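Letters A, B, C and D mark the chains as written, and numbering starts fresh at 1 in each.
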Amino acid sequence: MELGLNVDTSNPTYTVIVVRGELDVYSAPKLREALIELVSEGHRKLIADLEAVEFLDSTGLGVLVGGLKRLRSNDGDLALVCTQPRVLKVFDITGLTSVFRISSTLEDAMAG
Amino acid sequence: MELGLNVDTSNPTYTVIVVRGELDVYSAPKLREALIELVSEGHRKLIADLEAVEFLDSTGLGVLVGGLKRLRSNDGDLALVCTQPRVLKVFDITGLTSVFRISSTLEDAMAG
Amino acid sequence: MVAGTKSIELSVPSRPEYVAVVRLVVASLATGKRNLAADRIDDLKLAVSEACTNAIEANRKAGLDAPVVASCWEAPDRLEVCIADSGAGFEPSALSVHPEVTDPERLSFERGLGIPLIRSLVDDLRFESTPQGTKVWMTMFGGPDSGDETTEIVRSVVERD
Amino acid sequence: MVAGTKSIELSVPSRPEYVAVVRLVVASLATGKRNLAADRIDDLKLAVSEACTNAIEANRKAGLDAPVVASCWEAPDRLEVCIADSGAGFEPSALSVHPEVTDPERLSFERGLGIPLIRSLVDDLRFESTPQGTKVWMTMFGGPDSGDETTEIVRSVVERD
């Protein structure tokens, strides 16, 4: 039920935010605040690692889209790492697969 | 939610019944039927392995007590394998720790 | 209107932290009682989450302390879930249509994804919306488990020695 | 009589397969909302299971198709769970006392363990029983989580951009 967020700034180019748990109307605001904070701190190349996300609904999607918009309007980007079929399905149905850059591994995301 | 029951008759003396899942008013009747069948088939030295039991309430306990009575009145016995604190606690509170022979391993149960 | 009989009814406060428990209950019922595949249960959980999120928002916008009520209805060939609120209602057919998914404009849609998602996830979707509240009916087809042992088990419990 | 405000209410058919979902809901609420230790949550699950089993049996004995209703009441210092049925009621104080746990007679008690178990598991136990039904009130003490972010989160959800 709890959302876990871990920020990894060890890579000089990419800032990675690892999201764990359920991303819904209860927990999504925490992710949004975290993304806003990262942008305001100057991070521009963000990667959200969704591999440990157990549930994602449209409120969670909305926060990711909001983060992407905020970053793109600051010459940045938000890429995703995700291989879970049930999470990918939500991006698929909503047509957001074509909006986000979605990679299978963190390495691929950083290479892209 | 489902109860799993596996009967192992490979030992010449002891018949082992491995119980998995939740043992409550919904699932306990299945265990009772299994115990009755084993007794009617002539098994007398039974060991119920409760290590994979996720939940046990008084209806489950009642079935174990019923099995024990049935076996003892047939010169048999029902021993238990259990190390889980939350399951042991239920035997403790109800005073059934002193009624059953409870071992930590299957080997101990067979040695006893 | 409804094909089945009501099994579970769950009433929760109109607060975001209670959506998870509604998902949990519906998923537990679907898992235990139906032969729905795991991915269809995920679909139902997601649809329920969307409908509950909207119901909570509708109650709060109306300034009401009313609960959100989830009920499950079971019939031999289907499971129906109804999510009900006491909000001001809306006209589902009047919802704006999204730009094509290939349209770059898509990016401006942080909201409005819920109902299209529900529609593509469940087998049937119906709205009953009035100014006194909204009911969202979601149906998943799929029969009950083949071996229906319920009756026997109940008997043996009631007659336990 | 009750110190808290009602949060969740769950109504299930009087059938054995629904006891698990009541345990699930109460455990989920206790886990998410309270700083109850894991073993106290197990205690509460067990107590709820016992009370639900009795409630189902009471409804069935009375020949009623009535549901069992579980409600959760939250106060700053406690969580109360009420399990209600519409059965014929009973006199809790008249329950026969068990033989000492060291007594070999103990073995004859396949039944009658439920209420003594509940009593030793919860912090407070009260019965309201009439010929029209029984309510079993079980209380666990333990405050809510320290950082109560609920209000903030609700605000940010309602105002989401």
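Note that in this section contacts are C-beta pairs under 8 Å (C-beta built on N, C-alpha and C of every residue); 3 or more make two chains touch, one makes a residue touch a chain.
Since this is a predicted model, take the numbers as computed values, not measurements.
Asker: In this assembly, which chains make contact with chain A and also with chain D?
Answerer: The shared contacts of chain A and chain D, listed by label, come to C.
Asker: Farthest from chain D by Cα centre, which chain is it? Let me know.
Answerer: Farthest by centroid: A.
Asker: Express in whole angstrom the distance between the two chain centres, defined as the mean CA positions of chain C and chain D.
Answerer: Centres of chain C and chain D (C-alpha means) sit 26 Å apart.
Asker: Averaged over CA atoms, how far is the centre of chain A from the centre of chain B? Could you give it in whole Å?
Answerer: Computed from C-alpha means, the inter-chain centre distance equals 49 Å.
Asker: Could you put a whole-Å number on the gap between the CA centroids of chain B and chain C?
Answerer: 40
Asker: Where the centres are mean C-alpha positions, what is the separation of chain A from chain C, in Å?
Answerer: 27
Asker: Residue numbers in chain B touching 2 or more other chains?
Answerer: 1, 25-26, 59, 62, 66
Asker: What residues in chain C touch two or more of the other chains?
Answerer: In chain C, residues 16-17, 20, 28, 32, 110-111, 153, 157, 160-161 touch at least two other chains, as defined above.
Asker: What does chain D use to touch chain B in their complex?
Answerer: Those in contact with chain B are residues 16-17, 19-20, 23, 39, 42, 45-46, 49-50, 53, 56, 98, 100-102, 106-111, 113-114, 116-117, 120-121.
Asker: Show me the residue ranges of chain D that touch chain C in the complex, using the header's touch definition.
Answerer: My answer: residues 7-13, 15-18, 20-21, 24-25, 28-29, 32-33, 57, 60-61, 67, 110-111, 150, 153-154, 157-158, 160-161.
Asker: Spell out the part of chain A that touches chain C in their complex, as residue ranges.
Answerer: 1, 22, 24-26, 55, 57-59, 61-63, 65-66, 68-69, 85-86, 89-90, 93-96, 98-99
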